[in-house]
Amino acid sequence: MKKPIFDPAGAVADIPDGASVMIGGFGGAGAPVELVHALLDQGARELTLVNNNAGNGGVGLAALIREGRVRKMICSFPRSSDSRAFQEAYLAGKIELELVPQGTLAERIRAGGAGIPAFFTRTSAGTPLAEGKEQREFDGQLYVMERWLKADFALVKAKRADPYGNLVYNKTARNFGPLMCMAAATAIVQVNEIVELGEIDPEIVVTPGIFVNRLVAVADPQQEERLVAQGAVYP
Amino acid sequence: MSLDPAIKRLTRQQMAWRAAQDIADGSYVNLGIGMPELVARYVPAGRHVTYHTENGLLGFGERPPEGQEDPDLVNAGKKPVTLLPGAALFHHADSFAMIRGGHLDLSILGAFQVAQNGDLANWQAGEDAIPAVGGAMDLVSGVKQVFVLTEHTTRDGQPKLVERCSYALTGAGVVTRVFTDLAVVDVIDRQFVVREIVDGLSLDALRALTGADLHEAGAPGLLKAA
Amino acid sequence: MKKPIFDPAGAVADIPDGASVMIGGFGGAGAPVELVHALLDQGARELTLVNNNAGNGGVGLAALIREGRVRKMICSFPRSSDSRAFQEAYLAGKIELELVPQGTLAERIRAGGAGIPAFFTRTSAGTPLAEGKEQREFDGQLYVMERWLKADFALVKAKRADPYGNLVYNKTARNFGPLMCMAAATAIVQVNEIVELGEIDPEIVVTPGIFVNRLVAVADPQQEERLVAQGAVYP
Amino acid sequence: MSLDPAIKRLTRQQMAWRAAQDIADGSYVNLGIGMPELVARYVPAGRHVTYHTENGLLGFGERPPEGQEDPDLVNAGKKPVTLLPGAALFHHADSFAMIRGGHLDLSILGAFQVAQNGDLANWQAGEDAIPAVGGAMDLVSGVKQVFVLTEHTTRDGQPKLVERCSYALTGAGVVTRVFTDLAVVDVIDRQFVVREIVDGLSLDALRALTGADLHEAGAPGLLKAA
């Protein structure tokens, strides 16, 4: 099935206040800068965001936080070389943080996409991050029960799509993208190019199009680290 | 209870045609092994449907011409298929993530019995048979909508639409619509509601061939077959 | 790391009596016929096998069952056009059957490979296959707890490997292969060819070599359905 | 407790070198951000080690020459790396399946504190700091063996090898070996066992810099540094 193609503003136009939004990327690799900036322009507030980190510098996710759009951040590592926006909001009590171990975050998102409401993992057993969670022994080892994580929207960056939304990614920019496409009710994907049907070999598809709802072509996307290194601030 | 010989039951092809009319444009669909596989042939022109098969393929097409079959390119029934442009291949866990995660719009399956509460039994025909479940339980639990395509009665005239399944369940409360060779029946609020009946068959005559109450929501339409 | 390369007999030589062995394939697609026949020749008994089906005709998995080597079969669909070997053994009470819904089977194997001892699924809730298993409600829906599935060995067929064991598959012969490589202590993979290092693009690797322990090159492998259609019997 | 100025602490490079000597040929290894990253440079010639990074890459190499960095090809510390022949790329869930599923042989991590029972604290430096855990809890829970590479004491002289961690745990009973700038210490049966000490340092002097009992299993060897 052909997926509708939008510009960044059109793709995010219906994200309402209070929405949960997964944002792909690990640091700058895979960060969908154009989609995130379109979300900032659009004005939605009280967002719950899911990302491995919590933004960097004055652009992208950090700009959403700085502008007070984010109610809650779910991530594994909110510190970075310049995570000032998150730090200030957090220390001022203006943003809630749900800290999740990185592998548990990835698996919770996959579980959300795969219809697995809960699973057990060794990760965090016996640590403060397991507090308040069910812990149980299997075969003499202690495990922690973790719940799936879903979202209303995902904003993901891939390298290339075909019209059906089949995706391939670029190197380690793949990271959380394929999982977030699965776990979001509406997965919005920006790609460098949309190629003709049949131009992506079925053997090498990373995200099958069934997980993708909207496509956005951004031929020469901005790279978040470069913006941060330049000291860029959006808007 | 036997049927007035003047009444024409739908053929398997006609049943498949009728079910195909209810597949929405743009759907992702999994068709069960057997009669449901026929449905793909009758989807109205202009509707784009993408077919999923449990064994790791989205976007497959008809059986290839004789001699061009690839034993490594098959559907869940192990029959040869073809790759359409825009297809995707993936492993079994990803395939069932699509199913279990609610990403497929529709599954059409066969049945031993369907109960008025939407329960489906289609995997174990009695205690003696060797049980085999395949992907049926995953499909009925995970796919957004489950249609059943089955004869209205068994070969020896027993009703397949029943108050309560006597065979082992595949899933509880999962079926939303049943296409038989005599009628189209919805499952609504734990009741069977008749939507269409074949030409010449009265609702009472249909009731006599059904193992549960049949309700109406307006007069049933005519079950047509192209 | 380079993986050792064996002939089929050498690859399976140390599979002991009583071992659990996952065998790839969905029907004939992906069935590692040469490895299974080497296991038959080797003579190991009291095996627990995991496969989607339970063999067909007189070759491969069916031959292992016919020769009385299999104590227990874990599968989703033991019926097929000619599953006589399993049927006879089952009806004679000579083989144990653990019937698992196909998606639950796939997910249990993935869980075994991914360190997830248990997970919840809707599949089989309210059916006889959930009997004896923990059932629990999440968000008002009933789910069944399923345990991971691991094995001592996996016998898998792929299309191509590089010396590190990175694999690509052929079409729907992929099926359970990538999962079984993850879930077995020793994953033995037969491939049509072993190519030079660097000849498989890192972007298209399906099974990373870390999940593969032994490689076997079988340039022109037998296709199980063809043997069955010919009425072949092994040995 | 301060150290006799005649005693030479190992430099960070020397510590990394020493840890590298204990990486077995053929290992799959994840190196934590910071000092552990240095270890890769000192693996003895002839040993083949494959490096894994949480963000979906197995088989990466050193930072590329200036100007050839690719912002889409980075390690867990977001530093540019290169693809070696035989590398594989995958998504985050597959990456942590490798970690959690016990497929990696070794992880080398930094520490705030290591306790004599193998407990590790390396993610939350007190209540005030913004907590950040990354993949550390997954690594210590899933990887077959966990080494710690850390100075023996904090900058203000507090012991990092302790009876019981006062900081929040990363994992309980997970560390098997600790490489410090003064010693190599194993965790065996909930005790610290000293294997090597730097030249000129007595066991008693080491004890004075350690927050838990130190045991011997034979006389400690000399902690050498290339």
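Per-chain residue numbering starts at 1, and chain names A, B, C and D are given in the order in which the chains are listed.
As a working rule, a residue touches a chain if its C-beta (ideal position, glycine included) is under 8 Å from a C-beta of that chain, and two chains touch if they have at least 3 such contacts.
Since the model is a prediction, treat every value here as computed from it, not as a measurement.
**Student:** Going by the contact rule set out at the top, which chains touch both subunit A and subunit D?
**Tutor:** Touching subunit A and subunit D alike, sorted by label: C.
**Student:** Specify the chain most distant from subunit D by Cα centroid.
**Tutor:** Between subunit D and the rest, the longest centre separation is with B.
**Student:** Please state whether B-C or A-B has more C-beta contact pairs across its interface.
**Tutor:** If we tally the contacting C-beta pairs, B-C comes out ahead.
**Student:** Between subunit B and subunit D, what is the separation of their C-alpha centroids in Å?
**Tutor:** 57
**Student:** If you average the CA atoms of subunit B and of subunit C, how many Å lie between those two points?
**Tutor:** 30
**Student:** Centroid from C-alpha atoms only, then distance subunit C to subunit D, rounded to Å. What do you get?
**Tutor:** Computed from C-alpha means, the inter-chain centre distance equals 37 Å.
**Student:** Counting only residues that touch at least 2 other chains, which ones in subunit D make the list?
**Tutor:** Residues 57, 83, 89-90, 93, 96, 99-100, 141-142 of subunit D each touch two or more of the other chains.
**Student:** If a residue has to touch 2 or more other chains to count, which residues of subunit C qualify?
**Tutor:** 107, 110, 114-116, 121-122, 169, 171, 202-203 - these are the residues of subunit C that touch more than one other chain.
**Student:** Name the touching chain pairs, please: which are they?
**Tutor:** A-B, A-C, A-D, B-C, C-D
**Student:** Per the contact definition, I'd like the list of subunit C residues that touch subunit A in the complex.
**Tutor:** 107, 111, 114-122, 138-139, 141, 143, 147, 168-169, 171, 202-204
**Student:** Can you tell me which positions in subunit D touch subunit A when the two form their complex?
**Tutor:** Spelled out, the residues of subunit D in touch with subunit A are 53-57, 70-74, 78, 83, 89-93, 95-96, 99-100, 124, 130-138, 141-142, 168-172.
**Student:** Give every residue of subunit C touching subunit D within the complex, in rising order.
**Tutor:** 1-2, 110, 112-116, 162-164, 166, 182, 197-198, 200, 202-203, 205, 208-211
**Student:** If you look only at subunit A, which of its residues touch subunit D in the complex?
**Tutor:** Result: residues 26-30, 52, 76-80, 83, 86-87, 90-91, 97, 99-107, 109-110, 121-129, 169-179, 206, 223-226 of subunit A touch subunit D.
**Student:** Per the contact definition, I'd like the list of subunit B residues that touch subunit A in the complex.
**Tutor:** Residue positions touching the partner: 26-28, 48, 50, 52, 57-59, 83, 85-90, 93-94, 96-104, 141-142.
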